[in-house]
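Below you'll find the structures, each written out as structure tokens.
Each of the two complexes below includes subunit A, the first together with subunit B, the second together with subunit C.
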Partner chain A sequence: MNERAQLLLSIADDELILGWRDSEWTGIAPTLEEDVAFSSIAQNEIGHARALYELAAQELGTDSDALAFDRDPGEYRCAPLVELHLLDWAHTIARRYLYEEADRVRINALMHSDDAELAGLAAKIDREETYHRMHAELWAARLAAEPRFRSAVEELWPFALGVLEQELRPDLAQRVGLDVVAAHERGEHTPELAELWNVMTEVRRSIPGAQW
Partner chain B sequence: MVTAETVWAALDEIPDPEIPIISLVELGVIRDVAVDGGRVRIEFTPTFLGCPALEAMKSALEATVAALGAEPEIAVIQDDSWSTDRITAAGREKLRTAGFAPPPPRSAGPTTLVQLQSKAFRCPYCNSNETRLENIFGPTPCRSIRWCESCRQPFEQFKTI
Partner chain C sequence: MVFEIFRQEKKGQPFAHAGSVEAPDAAFADAWAREQYGRRGESEALWLVPRASIHAITEWADEFDLKYRRVDGYSIKTRLKEARERAGTTPSLDS
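Entry: the complex of A and B
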């Protein structure tokens, strides 16, 4: 697989798996407003995943659904940050905040890429992410002094660094105000990914090749 | 024999799948129509990438061109060429009369929370600007929820992108 396809799949897998994790709050978020916010953000992240999978599919001669659902868990290229099954609101918000900060650095780099197709898509995604960032920043400001939130940010920080390539990590560290440390790297999957994959692909695997 | 004008007119009859009061042309998602003999190529620039109506829009474009007796080719343009500024003046007015506050124009930079919390947003029912942000997110990716202090009811506000 060429570098472009690998890059597209890494970002698409991050967006799909995080979208799935965020959607797990649908119906059970602490307030109705957050229920709506998490559902809408999840839907949009999965939309970004679909657009990225479509570019990767052209490269690989397949289709976006096959890339999203027909690979084995070990073939996914997502960062461990998005795989974690978080049942605690402080950790969930810490992940949203750290992911949005990392994604902002990554999208900004892609918008300046020589790959016109990818740069154009990144510019479209960037506009939509404006609203996700607002949500994350509001919560990060609201919880800034809460010990539970601060320790969640510290705990997830090595995972957040793993979202980005080495050369982009100092930008993220500066934005978040923490130091670059050893990261949980992309490719080291957590056991939570296989559990998520089992649920996410269950219907599709039940009748292979069906048109839904 | 179809012409670009007849295609544009036919596309202007296709309702948005979720807000049927406005057409796909008024929504600004048709970037170009090119007719080459019996073939019609449409450049379709989607709204929000998370919008579940994108597939329905694409199928409606294909069906409309086919009904004109031409062979459709829908090119989906995945760049930042669609923005809420592409919604036409007539489209905005239709949105407002249906109870959806149309999106304010894009400014030089991205929309900020301070802007969303300002008095720049008018209630589509009573035209008051005594409105406040209830939730950045709403029932679809393209909408926020606001509350009108004057007529005391919530309304849906299109997000600017």
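Entry: the complex of A and C
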């Protein structure tokens, strides 16, 4: 697989798996309003994943559903950050905040890429991300003095670094105000991914090749 | 804080009450109202009004039962027609 397809799949897998994880809050978020907003953001991320899979599918001669659902868990290229099955709101919001900051750095780099198609898609995604960032920043500011949120951010920090290529990490560290440390790198997978994959692909696997 | 949300569906139309959003401050209300009332392109614009800013009127005094000030059951159409005929100013269909 060429470098472009690998890059597209890395980002698409991040967005799909985080979208899936965040959608696990649908119906049980802390307030009704946040439930609606959080579910909507999760859906947007899955929409971004689809657009990226479509680009990768052209490159690989397949389709976006096959890329999203027909690979083995070990073939996914997502960062461990998005796989974690986090149970409390402090960690969930800490992950959203860290992911949005990392994604901002990554999208900004892609928008300036020589690959016009990829740069165009990055710009389109960036416009929708404005609202995700607004949401994450509001929460981060509101919980800044909350010990549970601060320890969740510190705990997840090595995972957040793993979302980005080495050369982009200092940028993220500066934005978040933490130091670059050893990261949980892309390519490692947590046991949580296989569990998620089992649920996520269950219907698709039940009748292979069916058109829904 | 509770914010009452008013939604304008199309440019030029009046804003109509759409519901409310409970949020810790105006910034959260902004983020949440966008998602709840605008993300399907169903709104041209939203007004977010703190409920405390709304001056509501819910009580009405009518101690003397002034029924003659109401128009219920009063068919103005027939009476207007009669009055016009008396005055000779019935609108003609041709004019």
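Remarks
As a convention for this text, the second predicted complex is superposed on the first by the 212 of 212 C-alpha atoms of A that agree within 3 Å, B and C clash if a C-alpha of one lies under 4 Å from a C-alpha of the other, contacts with A are read in each partner's own complex, and residues count from 1 in each chain.
Here is the rule we go by: a residue touches a chain if its C-beta (ideal position, glycine included) is under 8 Å from a C-beta of that chain, and two chains touch if they have at least 3 such contacts.
This is a predicted model, so every value here is computed, not measured.
After superposition on subunit A, the partners subunit B and subunit C collide with one another. Of the two partner chains placed around the shared chain by superposition, neither subunit B nor subunit C is touched by A:Leu81.
When both complexes are overlaid on chain A, the residue A:Met134 reaches subunit B and subunit C alike. In the superposition on chain A, A:Glu33 makes contact with both subunit B and subunit C.
By the touch criterion defined above, A:Leu8 reaches neither subunit B nor subunit C.
Of the two partner chains placed by the overlay, neither subunit B nor subunit C lies in contact with A:Ile93.
Set against each other, subunit B and subunit C touch different numbers of residues in subunit A, with B touching more.
By the document's definition of touching, of the two partners only subunit C reaches A:Arg142; subunit B does not.
In the superposition on the C-alpha atoms of chain A, the part of subunit A touched by subunit B in one complex and by subunit C in the other spans residues 33, 36-37, 40-41, 131, 134-135, 138. On the side of subunit B, the complex with subunit A involves touching residues 48-52, 78-83, 110-113, 116, 134-141, 145, 159, 161. Residues 21-24, 27-28, 30-32, 34-36, 39 of subunit C touch subunit A in their complex.
Residues 31-34, 36-37, 40-41, 131, 134-135, 138, 142 of subunit A are the ones that touch subunit C when the two sit in their complex. Interface residues of subunit A, counted against subunit B in their complex, comprise 33, 36-37, 39-41, 43-48, 50-51, 54-55, 117, 120-121, 123-128, 130-131, 134-135, 137-138.
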